[in-house]
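Supplied in structure tokens, the structure appears directly below.
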Amino acid sequence: MHGGEIIPTSTLWLIPALPFAGFLLAIIFGNARRLVTLAAPAAVGVAFAVALAAVLTLLRAPAGARLVDDVYPWIVAGPFRADVAFRIDALSAVMVLIVTGVGFLIHVYSVGYMAHDESLPRFFAYLNLFMFAMLLLVLADNLVVLFVGWEGVGLCSYLLIGFWYEKDENAAAGKKAFVVNRIGDMGFVLGLLLLAWSTAANGALSLDIAHVEEHVHALAPATATAVALLLLVGAAGKSAQLPLYVWLPDAMAGPTPVSALIHAATMVTAGIYMIARLHVVFVASPFALEVVAIVGAATALFAATIALVQTDVKKVLAYSTVSQLGFMVLALGVGAFASAIFHVMTHAFFKALLFLGAGSVIHGMSGEQDVSQMGGLRQKMPVTWWTFLVGTLAIAGAPGFAGFFSKDEILAHAWGTGHYALWAVGAFTAALTAFYMFRLLFLTFFGELRAAPEVAHHVHESPPVMTVPLVILAALSIVGGWVGLPEGWLWGPAFGRFLAPVTGHPDLGEHGAGVETALMLVTTLLAVGGATLAYVFYVRMPGLPQILAWRLKPAYELLVGKYWIDEFYDALVVRPYVALSNFLWRIVDQTMIDGAVNGVATAVVVNGQLWRYVQDGNVQHYALVFLGGAIALVSYCLVR
Amino acid sequence: MVPTSWYLALSAVLFAIGAIGVLVRRNIIVVFMAIELMLNAVNLTFVAFARQLGTIDGQVIVFFVMTVAAAEAAVGLAIIIAAFRNRPTVNADELAVLRW
Amino acid sequence: MGNVLLSLIVWTPLVGALLVLLVPRDQPDGARRAALAFSLVTFLLSLALWAGFRVDTAEFQWVEQAAWVPSFGIQYILGVDGVSLFLVLLTTFLTPLVVLFSFGDITNRVKEYFFFLLLLETGMLGAFVALDLFLFYVFWELMLIPMYFIIGVWGGARRIYASLKFLIYTLTASLLMLVAILYLVSVHARTGAVTFDVRQLYGTALGPTEQLWLFAAFALAFAVKVPMFPLHTWLPDAHVEAPTGGSVILAGVLLKMGTYGFLRFAMPLFPDATRTATPLILALAVVGILYGAAVAMVQPDLKKLVAYSSVSHLGFVMLGLFAVNTIGVEGAIYQMLNHGLSTGALFLLVGVIYGRRHTRAIADFGGLWKPLPRYAAVFLVVMFSSVGLPGLNGFVGEFLILVGSFGANRAATAFASAGLILGAVYMLWMFQRVIFGPLRHEENAHLQDLTGREIAVLAPVVVMIVVMGVYPRPFLRAMEPSVKALVARIEGHRGAVASAGIVGADSEHAAAPSVDPLMNVTARTDARQ
Amino acid sequence: MTPAIDWIAVLPLLLVSGLGVVCLGVGLFVDDDEVLGWGALIGLGATLVTTAVLIGQHGSAFNGTLVLDGYALFFDLLILAVGIVVVLMSMSYVEETGIGAGEYYALVLFALSGMIVMASATDLILIFLGLEVMSISVYILAGAWRTQVRSNEAAMKYFLLGAFATGFLLYGIALIYGATGATRLDVIAEKLGGGVDHRLLLAGVAMLLVAFGFKVAAVPFHMWTPDVYEGAPTSVTALMAVAVKTAGFAAFTRVFLRGFGGLHGDWSMLLWALAVATMTVGNVLALAQRNIKRMLAYSSIAHAGYILVALTAGGPTGGAAALFYLLAYAGMNLGAFGVVLAVGRRGEPHEEIDDYAGLGFRSPLLGATMAIFMLSLTGIPPLAGFAGKVYVFTAAVREGYYALAVIGVLNSVISAGYYIRVLVVMFMTPGTVEVVRAGRRPYLFTSIVFSAVVTVLIGVFPALWLELARLSFLSQP
Amino acid sequence: MGPVTFAVLATALVVSALTVVVHPSPVKSAMALVVTLFLLAVVFVFLGAHMIAALQVIVYAGAIMVLFLFVIMLLNLSDDGAEARHQGGALFRLGAWIGGGVLAVELAALFLRVPFPAPATPPAGYGGAEAVATALFVDYLLPFELTSILLLVAIVGAVVLAQRRAA
């Protein structure tokens, strides 16, 4: 998979540089709103163009080739060297197009969505900065640079979640996101260190991707497993997998475009990308791969169940995102790296669409996010409704839609590699997904509007600047999946073939295409079932859910309480740590250590105070001491 | 002939007695006397050694010791008088303004 | 000795200090300007130093040598290498900023303040460039007094306690080092040459126990300055009570004295002892990292928080130093500079709001972003620099340290890396409580944003923070030869290959080709313990 | 039949004692203190110069009992210089306290002559007499302010214990005379080889140690020091703290390192113990003092301890270290007492450390100089005290007394506690005491500044002085 | 002299010395001291130090003791019973006596253990005026001169300290 032709270029640096320029512009000319609102999306748009151009060059090149732009030597210390270098191979090509493309649409959308926010320039500054970091991440030819992007996106997510900083919970959510990500990063860094030292060869320590791929054979099995698992921790942090997913739902505190861009389409897929990027390491450790698969499946199911009962639009979408990311990780775990990336792409389309749609709804409902306050928006916001429907169908896996192909490819691989249990989990999750997504759809757009009248009467469709991106994304959500048809259909898995030079050809074992089709049928039926159930619950007999909830109270509580994971962590980690810190400060630091230090000093002074009273002013007492001393000296001389 | 050691021992005893006097007497003048006693004890030592060594030096030294003793006595007594003018007492243990 | 540049750099501040004293008491501005002028001149001179610095040699450069106390072999030897060069620059870079900041900060006994400040600068610079142990010791102690006065006279409520504690703490340790120095010299004198010249004292033949004792004495002196857990308790007090300028210098430069001392003296003078002590030191360093971070989190006082964060950061530096390989040591040095910049800036920022509100209690702030957007932005950058966000200077140092120490001691590195998390925790939480959230206190609503002067002070730091994060090459390149040489000296018997910093990976490859480098690394780790 | 006398050897002694007599005589007719003071000053200055001219000369008179070697010259010059500074300090003080100037200066000069004898004598008898001349003069000086009860008491205590110590000194001399049949150091030194009764000799050595220990205020023979220093007129305290101690060590060092050098193994342990006790007790007790003179008294005890470290080390290094330390000590300690004088004023001595509150900034000159003296006493580079300590501890380390060196440095940490406290009070606490303007006390302030300059110079350029000390010590016959 | 004489003399000396130390009345102490000094003079004679013995009587018993008595009278200090109310406390006194005792025993033991050879028969005129004088003015000229300064100092001191309060 390494080797391949290297096409040196000197334009790739432009791709991240453009958004960065936009960022600088935004912070420097902070008060020129018009300029910023034009420049920020433009920067990303141009970046997209450049990226496209680069990708076209790549396509013309023989398979397995890669564009490399070695900008400058960054960290060079002794045997360690890390250059700021960018690469575009099939994998990063896909990612860069997703990021810039979807990113561009969301920028445009934001122009409308944030129009009334007084700190819009700051918003676009952050957004551009994010694009910069994200592009750094996907284009990096060196894992250290990748890590820079990795942390950079974390920073931006921190800033954007806490964008409306006046509200404490937003700031808290931002902090939570960053810290939890840092936990992942610790694993990531350790993984990188171990990797670097284990692939060290002829006196060079390097984290160049090429170098790693070249020397990965040097990894002892145990080492490989260790590296892989550490990297998995990192991925779990970024891509919100168990047990580190907790930050993502809170991250919804940020403006909706942010949720769409960062917490759905791009950043959260960084973990997936990273594992795909380093799949050679994982391949070297079957055990690690198993773990990855299980984590993915578990996450998918776990998050889906929570999504069933959420009433906040964005929360539902957030948990669905977690769940979908689970699918991707599952794909990685079963070795279907291409499929994972495929799902990354489709998911980017329809999840961005859904979020933006939700944003449009919230925008129209003047900030309301609770579905219990919505309903019957079908007529009031037609465009939103239609596009949202498309999105729902796509995620639910309606045949022909994007999600359909990507999801089923994943499940097929799960089955194909003999992970039948995981396949079952995946399939069931698919059903759940259909259910909760349609639940959301019905609650939002069907029935009567349940909002307060004053809200109700200026519910309105969003302006074109917002709806156009919706439409485009809708289109993508439909056709986006057609690049990766099952084996044997028309052009088959073109996408997979394109990625193959990078991610390798996953083997579907002895089962052929027929099996895949069969599986598709099953999952489709499950999805339909889920959708129908939702229709029954929320359109036919709306009373039913309450009854059910009342019947299965414990289960319902558990789900509404999100399994009380946050509380659990709080009690298990946060509070003890704070308590420990206080103990260390008050007891260890101030009482013990400082006490000892000051104690010595005090002891000396006190002695001084004590002994000075020997000097009682009586000259004859002095003489006695004198005599004593004399006797002592004399007797010493006599005894020796 | 009495061995020199005996004289020396005798002088040691006298010296010690003088020292004790310095310590235990309350009246400063008497304390001075005790000091004189110590000096005389030392003189005895010198003379004894001079005899033992058959040299005259020891005796000459005694002469100097006497002079010093005289000088000290004069000064010491002068000090007592000066102090007595300010505070009519010659009790050693009442000299305790300066302490601690 | 043709060149006198180093002497100029070292003594210019002293001249300035004396001149400042001559300024009439009723013209504080005169004193201020004079101080600024002299500190700037010093800075420019040090730039010339860098300009003329040859990056291709590990030799000491700009060396000046003159007899001082011949009968004792005490000489006046100055010189810089890649290690000290940047510490000198850091000092000369921070001092003018501090001076400038103090324009508004110090209003009483102005000229005395600047006198001590400049005197302090001379002390610090001297300590960094002195190559004669005695001369070094003189400068080392010389630093104490001005700092003592700065804290004690211009400090806060408990300044007397704090300053005295600072003085006694440091004095105790360094006096023991003095005895060790004398001992070392007397041992070396047996070879016939009585000298304090550290270049000659390197490689003095010492018995193992001898080495251990001497190393202990040196290490104690330096560990107090660093400060290493558990000798750190003077630091929070000193920082909290010191005036802003004092804190900046204290954190920015003085703490580096300790780590610098380790690198220049303690480790190369006593390599065997270093090897023996490494596990202990690493342990303490790790404890310091985690402990400092934990304690910092619960501090109600901004300055205390930053102070404890220093304990944590310097723990990283120690970790890198005692990795004893090129990567780790270069990372450590780089991290010294980073810490100087970021922590210095943090203290300046705290000083800014302290000047406005006369409180440092985190609880008294919150929601400052609205009234102070510029301030908040700068604060943001500085905070993330100190958290070690990639793209800013902090990351480069921290990452190199981790890479290096990972090669030396896996376990220590693993624990230390938890510092990445904890570091983020306390910083972000502080930031959240101070800058984010609603305006909790009315009096904060109308605070003035950064003034021109304050921006002039902070801007250079922020610029450097970014530059050093994006383009560390010139720094690393300049220090590489010297670091390699030092590592070689410490590694001693391991020979040139290992010392060249091509760690484990190939030094053993040379011996036994095509072995899993991991094994080598572990082998090395064992060898060291 | 008087033997030929090498007048060079006795020149300083003659000049100083003669000056004393003259001063005494003139004092009977002139009662303008300032004139007398100037007289003493000029006389001492002239003596200093003449003595300085003698540098390099070697002389010995009275069949070698009184020599003029570099060692003697070193101390002659040091003592004379100290004398000059003390006289400078006294000039305003004497007339403020109403002490009779004529006798005062005369006694100072006699004391100095006694010291010179101690510095240049190589015969125990001479040393004894010189010591008596010095002591008796100082007893009187201590009580010179006879209207003051404290002054009387100081004189009384000093005298009583001094006489007591004299007894031991004589006894020591007697035993040594008995053992070796000689009182001349060179003879004794060669007799040490054999044929002498070791126990007798050692007992004598011990007795001498007691006596010298008393003079230099070594624990446990130090008890008089705080009381006497506190009670005596401050200028006299300065004389005692510096000159008397110096002379004491001059004799001490010569007798022990030259005379009994051969017995080093026997008495080094004793000295070791004395040194430790002296340093520790001095420093720890100084911490507890509130009165600055008393604090300086304990500090002087502590410094005696450091010098004892040098003597314990012994050998040329130790001896030279002791000499150098005395030099450094003289500068900084004189200065400190000068400041004490400057802070006091007629009727209000202001001897409590708290009286110094805020002086640092109110009177910058005093503040700066006092800071220099205190830091130097603490041993902070680049001041004289630091150089001295380095030399002393170098000696200790070279001779293998590591523990002693460590104890020494730990002690100087303790000492920082009280020296720095003075600075804390002066610079960091508000106060009200006003001091007499420098212009009104020109001589005093001159002396203070002079001491400060010396302290700094010795610290920054120790080479010359170190060499001087080394050569001086080695030049002994 | 023979052991017997020595014994007698020694006992007398010790007794008189003790009297000096313990007798409550200063005047009596002074008298006892005079006696002690006389007895010492006798011992000196036996030791062949005739000149010194003479000086002892003249200077000491004569001059110095008179001075003492003179001062005692001047300050008219008779026994004010002060000694009876003994100062310092029993413990202190005990310490003093023990200390003195130890010193005496130590030194005495030391001396008695020293094997002195029988003293050589002294030269003619040993200890006579001429011998002492020669030594004094030839070998000990400088010390002799010093004593003059010493006495001068003493005189000055006495004057300075004891003169009536001036202003």
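Order as written gives the chain letters A, B, C, D and E; numbering starts at 1 within each chain.
Throughout what follows, a contact is a pair of C-beta atoms (placed from the backbone, for glycine too) under 8 Å apart; a residue touches a chain by one contact, two chains touch by 3 or more.
Small disclaimer: the values here were computed from a predicted structure and weren't measured.
Peer 1: Decide which interface, B-D or D-E, involves more C-beta pairs in contact, and give its chain pair.
Peer 2: B-D
Peer 1: Taking mean CA positions as centres, which chain lies farthest from chain C?
Peer 2: Between chain C and the rest, the longest centre separation is with E.
Peer 1: Of all chains present, which has the mean Cα position farthest from that of chain A?
Peer 2: Of all the other chains, the one whose centre lies farthest from chain A is E.
Peer 1: So how far apart, in whole Å, are chain A and chain E when each is placed at the average of its C-alpha atoms?
Peer 2: About 103 Å separates the centre of chain A from that of chain E.
Peer 1: Report the inter-centroid distance (CA atoms only) between chain A and chain D in whole Å.
Peer 2: Those two chain centres are 79 Å apart.
Peer 1: Provide the C-alpha centroid distance between chain A and chain B, rounded to the nearest whole angstrom.
Peer 2: Result: the chain centres lie 98 Å from each other.
Peer 1: Could you work out how far the Cα centre of chain A sits from that of chain C, in whole Å?
Peer 2: Their C-alpha centroids are separated by 37 Å.
Peer 1: Give the residues of chain D touching no fewer than two other chains, as numbers and ranges.
Peer 2: Correct list: 125, 129, 132, 136, 139-140, 143, 146-147, 155-157, 160, 164, 199, 203, 226-227, 417.
Peer 1: Which chain C residues reach two or more other chains?
Peer 2: 168
Peer 1: Residue numbers in chain E touching 2 or more other chains?
Peer 2: 87-88, 92, 96, 99-100, 103, 107, 110-111, 114, 139-140, 143, 147, 150, 153-154, 157, 160-161, 165
Peer 1: Can you name every chain pair that touches?
Peer 2: Between chains, contact exists in these pairs: A-B, A-C, A-D, A-E, B-D, B-E, C-D, D-E.
Peer 1: Which chain A residues qualify as touching chain E in the complex?
Peer 2: Against chain E, the touching part of chain A is residues 618, 620-621, 624, 627-628, 630-631, 634-635, 638.
Peer 1: For the complex, give me every residue of chain B touching chain A.
Peer 2: 19, 22-24, 31, 92-93, 95-100
Peer 1: Can you tell me which positions in chain B touch chain E when the two form their complex?
Peer 2: 1-10, 12-21, 23-27, 29-30, 32-34, 36-37, 40, 43-44, 47-48, 50-54, 56-57, 59-60, 62-64, 66-75, 77-82, 84-85, 90-93
Peer 1: Of all residues in chain D, which touch chain E in the complex?
Peer 2: Spelled out, the residues of chain D in touch with chain E are 1-3, 10, 17, 20-21, 24, 61-63, 65-66, 98, 100, 103, 106-107, 110, 113-114, 117, 125-126, 129-130, 132-133, 136-137, 139-140, 143-144, 146-147, 155, 197, 199-200, 203.
Peer 1: Which chain B residues qualify as touching chain D in the complex?
Peer 2: Those in contact with chain D are residues 8, 15, 18-19, 22, 28, 31-32, 35, 38-39, 41-42, 45-46, 48-49, 52-53, 55, 57-58, 61, 64-65, 68, 71-72, 75-76, 78-80, 82-83, 85-87, 92, 95, 97-99.
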